[in-house]
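Chain nomenclature is as follows: A, B, C and D, assigned in order of appearance, with residue numbering initiated at 1 for each chain independently.
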Amino acid sequence: MLEVSQLSKHFGGLRANSNVALSVRVGQIHVVIGPNGAGKSTLINMLSGDLPPTSGSIKLDGREIAGLRPDEISRLGVGRSYQKTNIFSSFTVLENCRLAAQSRAPQAWRLFTPADRHAPAIALARHAIAQAELDGREHRVASTLSHGEQRQLEIALSLATAPRVLLLDEPLAGMGAEESMRMVALIGKLRSDHAIVLVEHDIDAVFALADVLTVMVEGQVLASGSPAEIRANPQVQAAYLGTEHGHV
Amino acid sequence: MHPHSRTLGVVLLLALAALALFPLVGGTFYVQLITKVMILAIFAMSLDLLVGYTGLVSLGHAAFFGLAGYALALLQPKYEPMSIFITLPAALALCAVFALLTGALVLRTRGIYFIMVTLAFAQMVYFVFHDTALGGGSDGLYINNKPLVGWGELTLFDLENRTSFYYLVLVLLVAVYLLLRRVLASNFGHALQGIRVNEHRMRAIGFPVMRYQLGVYVLAGVLAGLSGYLSAAQFGFVNPEIISWHQSGAVLMMVILGGMGTLSGSMVGAFVFVLLEEFFKDDTVFGAVAKHWQLLMGLIIVAVACFLPRGLIGLLTRRKRDAGDA
Amino acid sequence: MDSVASILIQVLNGLQYGLLLFLVASGLTLIFGIMGVINLAHGSFYMIGAYLAFSLTSAFGNLFLALIAGIVLSVLLGLLLERLLIRHFYHRDHLYQVLLTYGLILIFEQLRSLLWGDDVQGVKVPELFNHSIPLTETLSYPVYRLVISAVCIAVALGLHGLIRHTRLGMMIRAGAHNREMTEAMGINIRLLFALVFSLGVALAALAGMLAAPVSSVYPNMGSQVLIICFVVVVIGGIGSVKGALVAALLIGLADTFGQVYLPQISGMVVYLLMALVLIFRPEGLFKKT
Amino acid sequence: MNPIDTQHTTPSGRRNFISRTAGAAAAIALPAPFVHAQPAKLKVGMMLPATGTFASLGTAITNGFRMAVAERGGKVGGREIEYFTIDDESNPAKAPENTNRLVQRDKVDVLVGSVHSGVALGMAKIARETGTLMLIPNAGADDITGPMCASNIFRTSFSNWQPVHPLGKVMAERGHKTVVWISWKYAAGDESARSFKEGFEKTGGKVVKELGLPFPNVEFQPLLAEIASIKPDAVACFFAGAGAAKFIADYAAAGLKDKIPLYGSGFITDGILQAVQPQAQGLLTTLHYADSLPLARDKEFRTKYATQYKLQPDVYAVQGYDTGLVLAQAMESVKGDFGNKQALARAMEGMKVDSPRGTWTMSKQHNPIQDIYLRRVEGEQNKYVSVAWKALADPARGCRMA
């Protein structure tokens, strides 16, 4: 589904990512972990098109997408969420999702049909709201939602674009324990019909969700494999798990 | 996305009725004044499309206003009228092409850059008409006849008649308002508002933001052109000053004074702005201060910037949402 | 006169004009870049400077004393404006900054009319510099213009030193880079902004004062300068003093040669130059990172 | 509200607001005169700049006009004058509307204005359409008394063609064969350029180069270098106001003053000598007015004006004064019967005006036939030297009025 190889990003002399490789397919959650500054967010930003890579390849279903604009990548079926909540805070939940769904709809450029009667987009939006378990809050203005709900909306926004690949950048950031559990369950459910790349710090969530784990340190892949392999990897233990217990 | 409040609808209908009846009772001067206000209301709504709905603060909107006016002045033969069905589409097409070309450049910039670059492009148009013989230089050009509403020998109605002209402008004002309400409620309109609220996320959910912005830039340019065309036709005179940055500043002031992101606000803004200017200039009221009316205008502008960010409409509607209401 | 000398003289003219533009534009670009404020009233400060030179020169009988007093007054004006108005607009949309400063233009212009009237007034060139250096058989170059250029260059060097080597400069660089970070570093951002704004006002006023003896003082003298300075800032890149210098010189030269060699389109030359830059470098020549 | 308010009340809310405020204020400001006495007042709309670059010109014209009327006890042809004033901002874009305000709202009988040619052209258009009597106290655009001439439009100042036309003759007499012309590239500059060239080349001289820069650009330095490289016998120019002051200063500073003599339209030294007194000394210009004219009429006018307004009169004050004179004399000849437009127009055509600038005659195309003076700058004055051209009439090209 998504194949990344030799991906690098340099900011001047700073090598934020060097020769990163990973792959993910539908039904799989590929978790990327690493200490702060390891280049995880840079990686996600390159996959989503927010940052153009310096070199390397990102293939979606065999098609090269490295260097495309974010909107082009989105329309090819890659949805993403942000570490820092990035929603349309003055719109209602439904408006948020309908807007996202609209970009998929064939009638995006129709000037004279009222948007709130645009059935395909509304259906898609409601489906995303249901998936993100925000039913009943469709007409709440986003800025009035709780933090946890805003994080759910963040996911719902991506879902409303009907993506096949989901890039989730720390979806649990700032959440309480109960909210986190709900979010983990939600992401787990999304596995069946999405290929998911997940960047996360919460160690429990990581091991609860991961099918494949990639550990990044200083912009490079330190190790990649199943959770069990990673746990057993002495390099990872030395460099990472051993020193920073509880906060991977 | 933005349900129209019932009261606003009623107020607008009453205003429409008042405008429709006005020529029956108003003196010639006031009919002309209200015609001008309605033309400016179209101008203000077109700018609001950029400023209020899409979050693009243009300080060069007068360029379109002036281009269309000059198009009429240059197309029409000196001493005979020409069909509005030729000159108007030509003027609007010119604005559309200009918007497309400059839009492709100015939309590469953001924020403060955008403000300055739009200003600079308008200034360039200003100098084209000011410095070259094309449009009569700084003295401008006369339009000796009003455009002909008709074709060949057939005349539908005579715009030389001030009342006819008034009603034509009124009809166009209503048409533009309805058109914009429709457009803003459409997918396209919602995308624009999404761009204003969170341009970055709009890209991430798959919107080619630049294309939408260019689309609205062209639409706004064309509508500003419509108002400029009408204004030139009304006064029969074009001059580089209609492109000056003071004109762009004034229309921006109208938009904010009325309440940006609200079409009705733009119309109210145009009306109040013209009224204030009339009022401050009146030396029977302000005596010697009337000579310095711009001082009063400046104070009002500063006060609006400080205390009335949501404009006059913002005073009336107590909605807490910041999102654009149509 | 041979054509080489002619071109050299035009280069001199272009540079002098450009340097004066730089003085106004540098303040504008600092206020943009560091405070994030778009200031349409910047041309008014130029105008105020020129009128101050007019009043103060006749009061002191000496342009140098007038310059010093004028700079003090303009710094005070800057601090006052920042405290009363500008401060409340840092976190607001640029739109409102446009509105506020547009209103200020009208107010300043009318106050000017009330205080000084609407006549054209002259300011004497200081005796010391009131002569010309013969360049060719017919043409000489006024010494005072060289003085203007010299002062502008001195100010440019001073600004460079200020930004590179002082604590204020360090704060300015940090502030231009990242406002939150600067605040986190414990820098008093309010003080910094007030200083930057007054610095900008003083630079524009200084330009006005220097220009007054050659340009005379007259109503609306600020607005022409303002728009050209916008173009300077756009070409140079917002917040970049170096960019402002390069762009101002570029525009000075383009405008000068445009007038001589392309008189038909000379009004548009600088805008065409801007369009060209926008096509290739939409963020200006010296985009700050 | 005053029952004789000129603004009729209407049921419209908006309309009411305007008329109520204006009407109420008018009632406060002008209580008694509104209930008018016999005969009805003559309504004069003064559309002049009150703000911006030309504000002081507007003031001088108003002063002059009012002085002429005051000399007749505030009456013209037995009728008192009611003034309506409006700031035209020297903005031509607002001219048609501002004119309409006077003509249609205030229903003025006479329009007086303006300084800026573009504004005057906009006014003239409406005056033609409505037949309102229009008196132009400054704006010199040739077209107004050329192709645009009309039976109800009169100019009491000059046409752009007039002041510089004699300059060619003056310069030729001083032995100059090659001349560079320089001015702003706008209508007044272009019209002056054409007129000068016509006058100068008739004498056998040659305008070797016409230099121009966009109005109101004042970066003259490159063009001065150009002049220095051409080395003509002399330079002739047209600028006005601040730009003129800067040009004179720059010309001197560039060292050209003593090498290539500078001449100009009189407007370049008008109202700016306090700014560039030293650099302008000895400059020769031509205009329809001068300081220290050898005329008793002028001396009397100047003393009176200076006492009354605490200001030295200038050419604009004279033009304003003459505008008042023309209106007053015409009204007297029809005995206050303003309705008799034909008689009024007949009275003005060919009218002799005993002006401070010397007696002049109103031409058939409604522009003054007047003497143009050669003046020399001495101190802060444009001293009279000689009459450069006696009774010069504008050719009024394109005027189809008999």
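Note that in this section a residue touches a chain if its C-beta (ideal position, glycine included) is under 8 Å from a C-beta of that chain, and two chains touch if they have at least 3 such contacts.
Note that the coordinates shown come from a computational prediction; the quantities given were computed from them, not determined experimentally.
Note on connectivity: the fewest chain-to-chain touch steps from subunit A to subunit D number 2.
Most remote chain with respect to subunit A, judged by CA-atom centres, is D.
Averaging C-alpha coordinates per chain places the centre of subunit B 33 Å away from that of subunit C.
If each chain is reduced to the centroid of its CA atoms, subunit A and subunit B end up 43 Å from each other. Per-chain CA centroids place subunit B at a distance of 35 Å from subunit D. Taken residue by residue, subunit D touches two or more other chains at 51, 185, 214, whereas all remaining positions touch fewer. Counting partners per residue, subunit A has no residue that reaches two or more other chains.
Within subunit B, contacts with two or more other chains are made by residues 127, 130-131, 292, 294. Pairs of chains meeting the touch criterion are A-B, B-C, B-D, C-D. Looking at the complex, you find that subunit D touches subunit B at residues 7-8, 10-15, 17-18, 21-22, 25-26, 29-30, 50-51, 85-87, 91-97, 100-101, 104-105, 117-118, 121-122, 125, 141, 185-187, 190, 214-215.
Taken in their complex, subunit B has these residues touching subunit A: 1, 182-183, 185-191, 193-194, 197-198, 200-209, 215, 321-323. Only residues 48, 50, 69-72, 74-75, 79-80, 82, 86-91, 95, 98-100, 102-105, 107-116, 118, 121, 141, 157-158, 160-161 of subunit A touch subunit B when the two sit together in their complex. Of all residues in subunit B, those touching subunit C in their complex are 51, 57, 59, 105-106, 108-109, 111-113, 115-117, 119-121, 123-124, 127-128, 130-132, 245, 249, 252-253, 256, 260, 292, 294-295, 297-302, 304-306, 309.
Put simply, subunit C touches subunit B in their complex at residues 32, 36, 38, 85, 88-89, 92-96, 98-100, 102-107, 109-111, 113-114, 223, 227, 230-231, 233-234, 238, 264-268, 271-272, 274-275, 278-279, 282-283.
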